[in-house]
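By written order: A, B, C, D, E and F. Residues from 1 in each chain.
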Amino acid sequence: MTLTASVVGASGFAGGELLRLLAGHPEFELAQATSRSATRKTVGHAHPNLRGLDLRFSDPADLESVDVLFAATPHGVSMGRIDEFRDVADTVVDLSADFRLDTAEQYDEWYDGHERPELLAEATYALPELNREDLAGADLIASGGCNATATMLGLLPLADADMLGSQRPVVDVKVGSSEGGAGGGAASSHAERSGVVRPYAPTGHRHEAEIEQFVGRVAFTVHAVDMVRGASATCHVFPDERVTTGDLWGAFRERYEDEPFVRLVSGGGGVYRYPEPKSVAGTNYAEVGFEVDPRNGRVVVFSAIDNVTKGSAGQAVHAANLALGIEETAGLEFQGLHPVGAP
Amino acid sequence: MTTCPECGADVTLPDDVETGEILDCATCGAELEVLSTEPVELDVAPELEEDWGE
Amino acid sequence: MTLTASVVGASGFAGGELLRLLAGHPEFELAQATSRSATRKTVGHAHPNLRGLDLRFSDPADLESVDVLFAATPHGVSMGRIDEFRDVADTVVDLSADFRLDTAEQYDEWYDGHERPELLAEATYALPELNREDLAGADLIASGGCNATATMLGLLPLADADMLGSQRPVVDVKVGSSEGGAGGGAASSHAERSGVVRPYAPTGHRHEAEIEQFVGRVAFTVHAVDMVRGASATCHVFPDERVTTGDLWGAFRERYEDEPFVRLVSGGGGVYRYPEPKSVAGTNYAEVGFEVDPRNGRVVVFSAIDNVTKGSAGQAVHAANLALGIEETAGLEFQGLHPVGAP
Amino acid sequence: MTLTASVVGASGFAGGELLRLLAGHPEFELAQATSRSATRKTVGHAHPNLRGLDLRFSDPADLESVDVLFAATPHGVSMGRIDEFRDVADTVVDLSADFRLDTAEQYDEWYDGHERPELLAEATYALPELNREDLAGADLIASGGCNATATMLGLLPLADADMLGSQRPVVDVKVGSSEGGAGGGAASSHAERSGVVRPYAPTGHRHEAEIEQFVGRVAFTVHAVDMVRGASATCHVFPDERVTTGDLWGAFRERYEDEPFVRLVSGGGGVYRYPEPKSVAGTNYAEVGFEVDPRNGRVVVFSAIDNVTKGSAGQAVHAANLALGIEETAGLEFQGLHPVGAP
Amino acid sequence: MTLTASVVGASGFAGGELLRLLAGHPEFELAQATSRSATRKTVGHAHPNLRGLDLRFSDPADLESVDVLFAATPHGVSMGRIDEFRDVADTVVDLSADFRLDTAEQYDEWYDGHERPELLAEATYALPELNREDLAGADLIASGGCNATATMLGLLPLADADMLGSQRPVVDVKVGSSEGGAGGGAASSHAERSGVVRPYAPTGHRHEAEIEQFVGRVAFTVHAVDMVRGASATCHVFPDERVTTGDLWGAFRERYEDEPFVRLVSGGGGVYRYPEPKSVAGTNYAEVGFEVDPRNGRVVVFSAIDNVTKGSAGQAVHAANLALGIEETAGLEFQGLHPVGAP
Amino acid sequence: MTTCPECGADVTLPDDVETGEILDCATCGAELEVLSTEPVELDVAPELEEDWGE
């Protein structure tokens, strides 16, 4: 089986990653990659790692029929063109926030008014570790947000095991500069953005909406730190009853034992004892681990992903694999690098 | 193949595993002491306080 | 008035910073700088910024009489040589944890057994913003820990205003590699340490002891991130009653209005809206700011310092200035750099 | 003596550094700091290290009379407003390339046509180590280019000692992102600019013009590397006759023995054996050193500066000090930091 | 065909990369991975990206028979154990410098005395772009040095086209910290190594020997810069006769048109106009490009590789593929990442 | 105060300098061996090949 796939928003960071993954995918053949600003340029012009690909950006207005269309555009774009997208493709995977929430009310609260609220119920949210079973055959897929992904992967085992506690968990996230997209601006210039620990969303980050929808409320804060790829969520949880390391291993293994893209990493010796974004950079893997703090009645959960892969493009391909009955891990086997600096 | 006493994951052991040997668990990284070999029994080895500096 | 000053542990990071500050201080004259590993070498051998200083390391066994002795050695060293230190100097400022806690019990709980417990009550903890009034005339001074400093500067205004809440605050700290000292090791090699968001003290960090002593218990976690200098504490606080931004400005201005080394930074436009370590790198300033999260009944406080300056050597000089009746800001006026990368 | 000083282009990187240096200068008092884009905002809005300064940006159209005017605007701006600048200030120090070259022909060759060619002969180029004697009393000063400064400081001793050889020296320069100014753009976004070794001016860099004017032709190439502040020039020189390390020490000491801002650093043990930008970050110092390569008949000279300080704002203040008869090192004594990451 | 392969020195950086590449290689099956310091530990203990691999380090003294043995040990180790290596494996690929040079004299000049000089003539140097034809059937392979690889890839087209000139080329190299291996030490600690442009081998770098052997003498200097993976060589060449851009494109296409792992990158628009290490990080690709400097009669050639892949482990696998008649690109197809920080 | 045999700069010496002692020059960093103390004579000490790794 070879399926054709196109990427709208292919000059961006998530779009470029989609191109990389689809070009190496055994079941997909790349049809179109769109860009308004670089129409007709080779994709290698924007993405130097793809110089070997014989493909030019096309205009997003000229979409050809394909099996799957991936949209990696800023939020608000897909909802405006969704009929057209679904006309040209049987399966649409949207990486933006447009179809992630269940109701128009939620969307209004966190974003700016939804043009096609009736589709919210129809769309399937995609975080395979959360709802793999919903994905087979789904044809309008809303790929999850990067920070929400990191957070939920950390919290899901505790939610299952009823260990989240009645006190709201605190989630303190650290992210790389690629989360801001390819656009740039003064705050993301190298001179200003290097070496930072910068409160970037002190409160009110929009991914809270997704997390609340699936796991419950959290007190959420996001910091920009000096890396390009990577999102790391530290979840400070206060279970109502004392839990032991053994309880936690039980809960985490229960949830993730069979997950192909989750690795439990917690304690031990050597340099890499807990989840770290750089251990999974360039991959679709998540590292998840924890530590018990008996003194403070706390469980600290660490979760690390590559926001561009597991946090967006990889997750979208993973969802498409599941939706279309392809081997789940197809095209997503890259294991990452060691040593690696600040990917 | 035996089970890690720390995290419960399967631990693959070398064929010639010896009593007293310390092995790490691939899942949780715990240092495991081989208490006996037939059958293999593992226990979590006392952790060396390794300072990452402060 | 010119006072003589020596530094024990001068080849280390905090010790080198002391040399820099003392060499530029209007009231101090550098006498000795000790190192066992580099005895007789020029201080510029270890600290390239001090190549202009005509001074060689001396053996820590050969201390001459001075007015003030600064000890920047690993914990456990000063307590063993404290009588000798006090013999050669009227005022001893210790940068280690040896004399920071009130009782031997606390020390035993967090460290490894105190050799001179009777001195704990005699020593004066030094975080001028906490207890300036205790410092005049103090002759055995325990300069505060870097992460404790960042944290307490964030929490003190809330403590004063009774806004800390009954729920334990979560303090999520991000630190640079200089906190580990000049020693090095596999985990701190450039290849392994670059680009990390690494849980470095998931629970049980020793600075919790100091924070508890002065502010109360906190749930504390420290991460290593990719910078050399800098410590940033994000304090997630849940006041028992709703507080407004106005209440917080009141509390923070009340506490810090007259503090020469604290800058309130919260909101506004531009790139630098909240406290950031790189805004204060190389300086004795702390930036402190906050944001209210009404949705979650939370106050998020951000506090950023340079761990080598405000978090250790600068704080020690500040304390010495106060102890000796010198102008408080003497020798500590450097304002920092912009732009600056990852200092 | 207190002199008033204003900075045009004060929201930029060089302009912000001028503010920092002038605010800490014993003989200058800051009058105006101009910005078109941030008029009326506090200078701390743009430069977080200057939050303590009680000064707002003013419109560059509204200049008041001062003793010295510093212009830190892109090239082409000063030449258009130079009469106005000289009207309001007895001494004008321009940091751009507008008045660095001797003739209109040179300017035309490397830049884009000079509006006031008659002033080129009148202006005094300022690299104190090159022409200190010209600076006393100079009233139109053209502060040297950053890469030209690094290069010339490396080559001057060889030129003096007639060791430059008949073969054109190769100068391979590595620079930080602050050389590009505060503007930003896709290539200078953090995600694209991090971790690079990027040929940024493979050939034809405009600073060749200055170097040729004072030292002779060089084959010049500039690379962008991952730091914010710093310029490092590696000069590969092929003297016509064999030279020894002793000859070189002679030449370099002869030239720089009495220079307050040049440090010779060459060989020895420890970590810092040769000039490095990070050893001088934030300072007005240059490190210069060399190594003989007998196998290849080559001398390799290394020269490292902070482009924002010694390479522009510091050099400009240094020149103003000399022009106005102020102590040469006034306001420029900061010694730099150790450890320091990627300043 | 499945061949068994073992790696000696598998806890190191090059060894870990070999494990990664061999584990993903369609024709190889990993047998042993040796380490003295981590014997019996899982390979994931040292290399977090390989946590998914069910393999433990074994003692290098206990080698089992395999088809191919890769040795990634410091120079001097393989020559001492070469008979044993050849006993257990039909094909030995050594990544160290032990068998790269033709004669004992060369080895003595640059290294420290060869134990098995008679094998030097027998061994086959491996830089496929240089001598692919020698590799079929080779059973003792000396994989080339990383900096030599970058340099020779830049110079070979000019050598072929007789454009190297009579004046010695200057080669100015910039490398990441992984070149120093996993060992560490004060100079390679994060605090000291971050943000550097550090002359690391001003003259006399040992890779000059290889370059001289195959291309001729060059004046060679290596700098450490702030990245982990990557080597970038800037070759300043002075052809005896004027050459045009067209001549160069001819020469470079002639040499590299059919090379699967060389990409010509020179000029054009966008951010990535010339070779950059980060464009090829994690891959076996080299980027090569150039610029003509008519003003100085110079050609500047840029060449960028990942030192751990193309500069060592990837090159070794490439050579093994060729030696054993496997598809040349097998196991080496990873295309790299964009965006990517400082890999 | 004496002169560095490597670079010619002045070298400040400790009062109690001893024959045989190795001291670095603040200017060029060279390791200098004290050949004699009255008067002080210095010579460049043989360099320890310190590997920065390659």
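Side notes on the structure shown:
The working rule: contacts are C-beta pairs under 8 Å (C-beta built on N, C-alpha and C of every residue); 3 or more make two chains touch, one makes a residue touch a chain.
Since we're looking at a predicted model, the values are computed, not measured.
Both chain E and chain F are touched by C, D. Distance from chain F peaks, on a Cα-centroid basis, for A. Farthest chain from chain B, judged by C-alpha centroids: D. The chain pair with the larger count of C-beta pairs in contact, out of A-B and C-F, is A-B. Over half of the residue numbers at the interface between copies chain C and chain D are found on both sides, making the touching surfaces mostly the same.
Distance between chain centres (mean CA atoms), chain A to chain D: 45 Å. Averaging Cα coordinates per chain places chain B and chain E 37 Å apart. Between chain A and chain F the centroid-to-centroid distance comes to 59 Å (mean Cα coordinates, whole Å).
Taken residue by residue, chain F touches two or more other chains at 24-25, 29, whereas all remaining positions touch fewer.
Looking at chain C, one finds that residues 13, 41, 45, 51, 176-178, 180, 182, 185-188, 191, 194-195, 226-228, 270-271, 276, 339-343 touch two or more other chains. Of all residues in chain D, only 13, 176-178, 180, 182, 184-186, 188-191, 193-195, 226, 228, 341-342 touch chain A in the complex they form. By the touch criterion given at the top, residues 13, 16-17, 20, 23-24, 41, 45-52, 176-178, 182, 227-229, 263, 265, 268-270, 272, 276, 279-283, 308, 333-343 of chain A touch chain E in their complex. Partner chain B is touched in their complex by these residues of chain A: 245, 249-250, 253, 264-270, 273. Per the touch definition, chain A reaches chain C in the complex via residues 167-168, 170, 172, 174, 186-187, 191-192, 194-199, 202-204, 208, 217-221, 223, 225-227, 230, 232, 234, 236, 238, 270-271, 273-278, 289, 291-293, 295-298, 300, 302, 304, 339-343. On chain B, the positions that touch chain E within their shared complex are 12, 14, 21-26, 29.
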